[in-house]
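Each in structure tokens, the structures are laid out below.
What follows is a pair of complexes built around subunit A, which joins subunit B in one and subunit C in the other.
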Partner chain A sequence: MNTPLAGKRPKTLSLKENYALLTRGLGWDTTYEPMDKVFPQDKFEGIKIHDWNKWEDPFRLTMDAYWKYQGEKERKLYAIVDAFQQNNGQFNVSDARYINTLKLFLTGVSPLEYGAHRGFAMAGRNFRGAGAGIAAQMQAIDELRHAQTQAHTISHYNKFFNGLHDYTHMFDRVWYLSVPKSYFEDAMTAGPFEFVTAISFSFEYVLTNLLFMPFMSGAAFNGDMATVTFGFSAQSDESRHMTLGLEGVKFILEQDPDNIPIVQRWLDKWFWRGYRLLTLVAMMMDYMLPKRVMSWGEAWEMYFEQNGGALFNDLSRYGIRLPKYHEVAAKEKDRLSHEAWATFYNYTHAAGFHTWLPEASEMKWLAEKYPMTFDKLYRPRFEFWREQQQKGRRFYNKTLPMLCQVCQVPTFFTEPDDPAKICHRESDYRDNKFHFCSDGCKDIFDHEPEKYVQSWLPVNQIYQGNCFRPGADPTVPGFDPLLEVLHYYGFHVGEDGGEFQDSPDCKNWERWTGKPGAAA
Partner chain B sequence: MNDATQNAVFIAFQTNDDTRPIIEAIGNDNPNAQITRYPAMVKIDAPGRLVVRRASIEELIGREYDLRELHVNLISLSGNIDESDDEFVLHWNKN
Partner chain C sequence: MSVVALRPGYTGEIKDRVENFHGKQLLFVSWEDHLMYCSPMCIPVPPDLPFGALTAEIIPGLYVAHPDTAKIEWPRVVWLRSSQIFTPDPAKSLTDNGLGHKALLRFRTPGLNGLNGSGS
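Let's look at the complex of A and B:
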């Protein structure tokens, strides 16, 4: 292997020539079988590619450099994870509520890393251009690394806190985890060009800065070095992945004018799908980090409106415009996290993490960050619930919510121009009625109804009796369907979910650390 | 929105000893850049274009440097990339 000796720069090929040999130089056209049979999936989406050699490599990371720097990242990461474990770092986080942020991240997002590994392995196989294939395959290896590092963090936190004992089982069943799961499976079941536009561009380039940057910085602020470490280590690969997304989209757009409307439709669709998924992140940032770095609203302005705005400005020369309904996202930015947290407060008994009401100082912060909405719309609701809670009537909602057919989030969002009215849309298809949370989700359904009528909606499945353990008998007197569903999810009922102040996590924290689990 | 965030490209690094000279070099080479320090993270925004020069980093660290080492501590970036042995450039084509 051509590893440079320490201190000496080998006078060899330039970076550009070196990378071209790895990609173009190692690619070839098959002769025993026609190329169309070897790469059967890169035409049906309607994308026309005339010259794969026009592909611009996102980062020129040759294999020797790739293994060298990835190895270095791994050594750094595990050294910190070891130190964290040896020093009982889990007890040095800001307070025990913080762990619930982590539970949501590790059960909701970490399985997506594994999904991304699978998705990029498939995309790498299906692109006939060697440059694109190699970039996708390197990303597949990165994503597997991310899934592994996060599993190590899950393993450590699982020794001390509830709700992390069986995250893969939960991922395939639990109602709110179907939001990230269905999002990613939607992308994986598309063709390779849509997959890369969806995940590499719309999600990684346009939206993941919102997930990783303020959130990981927030984890650091809250003393969670185990998470900061896997987060930043993953994010360092992410820079390459984002660039694959941008180069991929530019390449597709430059190849044929017929590609432009197809790509624009995908950008509209995947912006909205990704934005709806980030509802969970909005709530994590505003409500679940005991020490906050920035609000969801501020992060949206910085990473989408400014940085994303510059990106779409750059793409306008191809005839690409900002994604449809970006203006709805802007209208929702002062409401999103509050509506989401209120919903999880209602349904926390059916979740694998705890919720709580914001303390007085936190309400003050929320009012400062959301001067137009918080005191008027949300504070009274939280104060009413606090009163009820103090009287021993902590509210748990026992009826199941209606889910959006596309994003699978309960339909709790409000009308773009009326924060006091629930937004509800519907479509008829083959004598059935389908329900949506927004115009964005309805549009996506209306364009591909054959795909979305197949959605596995957790609430609908519960009502159909498909979410009970084998042998469960609903005809037995006293049968509690909700309780049975929680067992089917693999939750430890009474430990994993419910009000934080009443939780074993909170009591354990006080016992083990001598610090209060939650401010009174 | 100020000058640095108008049509900005950005690059963000982990806060540590490896990145201190890199950030200093970027600051020297890009007078318009705005450097913001967050917990565990430094984000550098620049209007339209930002350059990372190998020679400037080498000058500060006193050893040879391969720009691909940036990957080890890189958190995120935005902008089209032009990468050579000597320079790593982020830019938007339209201003």
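Let's look at the complex of A and C:
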């Protein structure tokens, strides 16, 4: 440490000098080993970088400032979480159905925060430019913080509600959680440039408003202040992440014209993969929030068609166009949430959260928001299901669904130009057949089949006998394979999944709060 | 280029090869205009299963809760292997009917179009 001399002010560095020393100043060109051996992963994707010094970090954040800001955020966050716990804030949410939104987010998205931590740590190691490396490393720490704050929220809600007791175990096994898991693992197993294009740009810059906005404003609308708090704390980092995404992609595009077609292909791919992941958000917005913020269709128009359209307009000067199949997403916006909710209604007995039928007032809202599709295509099935439920025959689909080889979602999506016909696409490769939900997923497979032939598809794995607990014996008389799979998932059968009306969560809520489980 | 990888010649393991299914193969079944059953279903079947067993027992069992199931007139059903129309021989095996591992079997039931004709 420098001890200032008596009578002399210590010399301080300007912000610019400080930034330069603590980022670029930390890098050097190696001499004992060639740089290509030290950074073996930043060339195989075909991206050409001529001058890493052109990397601009608009935030100019250095580690010392970073620790200070993040420490302050943590203190505020945990003060609010403590207050929430002491005041039993979990009982102030709109009604007990809302908790299922949270279960979906905390089991499906929170593990992605940890995945992002790992991914950015690897990207930080693999970029040979110190500016890019340090920006990625800071984001890696942010993501670890987000995973941790969300784990504390899980811990609190887990004391009162079912389905949250073992989210990391479930994430690696459960059929619908393989959708976010495979999405992130696809990005992490690509090279560092594809990873940042996928996660920092396509996901955090282009699509994040469709993930965080609906969940966090949905939480605020429904009285869930614990989620609002971790949401805001994370969002304050997101603006930095979004900028990393935008600046990163511009940097790659400006370095060499050969980079443009590679980046365009990644934008096409990761738009489509991200959009398929957002199917879960669509159904959350239209069906799972007791108090709705806006419809999925409206959110798609505002956040993708308008804002995203303007962004891609700006990028056109680099030779970048709107992602392929954006027009398919526009055609699907009136059906996505309904098809997805119907699917979870089919299979909720094998899920870690509950589903239910929309009440009459909610069906009215859906019909108003989706005048072209709801009454014609979806109301009849909900009404039939309600009749069955009233007769004590709640409908469950007892046969496992076909899954898309790429996005791993059950192939329930319909033809772009016919919302009443399932969309089937397939490819033959190495004497095997592969099936897809869409042209978007088929294109991704056809470009890199050696990657996607390895997909761990939960349904196919069950039929191979790989989803039983150790020691389970399928030859014992009366062996119930699907029940065994639920045990392998770590579910508490009869508590975590199934119809909301019949759930212990609903009964507990009524007992503890004196309010109806479903308040609509 | 079938994959972008660090090592040239990288290949992946096909996870769903037929050998992994203990003597069975996967069959995907999709009943058009009956989307109350949200997506095509996936079932393991022996490759020598006669096609007739699908219509006699297996398919009605898959769609047991649908009110149209009991009304299906099997001789009128239009069958598709993926997107190609074909006429199955009920006495022959799935294999002999051209339905191999991971085949997609779609069918249409003229006159039966789901709950109140809604396609559900």
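What we mean here is this: the second predicted complex is superposed on the first by the 498 of 520 C-alpha atoms of A that agree within 3 Å, B and C clash if a C-alpha of one lies under 4 Å from a C-alpha of the other, contacts with A are read in each partner's own complex, and residues count from 1 in each chain.
As a working rule, a contact is a pair of C-beta atoms (placed from the backbone, for glycine too) under 8 Å apart; a residue touches a chain by one contact, two chains touch by 3 or more.
On a predicted model such as this, the values are computed, not experimentally measured, just so you know.
S.K.: Considering only the touch criterion stated at the top, classify A:Ile252 as touching first (subunit B), second (subunit C), both, or neither.
M.R.: Once the two structures are laid over each other on A, A:Ile252 reaches no partner at all.
S.K.: Would you check which partner chain A:Ala350 touches, where first means subunit B only, second means subunit C only, and both and neither mean what they say?
M.R.: neither
S.K.: Check the residue A:Arg381 against both partner chains and state whether it touches subunit B (first), subunit C (second), both, or neither.
M.R.: So A:Arg381 only meets subunit C here.
S.K.: Which partner, subunit B or subunit C, touches the larger number of subunit A residues?
M.R.: Ranking subunit B and subunit C by residues of subunit A touched puts C first.
S.K.: Answer with first, second, both or neither: which of subunit B and subunit C does A:Val228 touch in the superposed model?
M.R.: A:Val228 sits against subunit B, while subunit C stays out of touch.
S.K.: Could you look at A:Lys433 and tell me whether it touches subunit B, subunit C, both or neither (first, second, both, neither)?
M.R.: second
S.K.: Per the contact definition in the header, classify A:Leu486: touching subunit B only (first), subunit C only (second), both, or neither.
M.R.: neither
S.K.: Where on subunit A do subunit B and subunit C both make contact?
M.R.: The answer is that subunit A has no such residue.
S.K.: Tell me, which parts of subunit A touch subunit C in their complex?
M.R.: My answer: residues 40-41, 44-46, 190-191, 194, 339, 342-343, 346, 376-378, 380-381, 384-385, 388, 393, 395, 397-403, 410-412, 414, 420-422, 424, 426, 430, 432-435, 448-457, 459-461, 463-465.
S.K.: Considering only the defined contacts, which subunit A positions touch subunit B in the complex?
M.R.: Residue positions touching the partner: 4, 7-9, 14-16, 58-61, 65, 69, 72-73, 76, 205, 209, 212-213, 216-218, 220-221, 228, 232, 235-236, 238-240, 242-243, 246, 250, 293, 302, 306-307, 310-311, 313-314, 316-317.
S.K.: Within the complex, which stretch of subunit C touches subunit A?
M.R.: So the residues of subunit C touching subunit A come out as 2-6, 10-17, 20-22, 24, 26, 28, 30, 32-33, 35-44, 62, 64-65, 67, 82-83, 100-104, 106, 114-116, 118-120.
S.K.: Enumerate the contact residues on subunit B facing subunit A in the complex.
M.R.: These residues of subunit B touch subunit A: 1, 5, 7-10, 12, 14, 38-41, 43, 63-64, 66, 68-69, 71-81, 83-85, 92-94.
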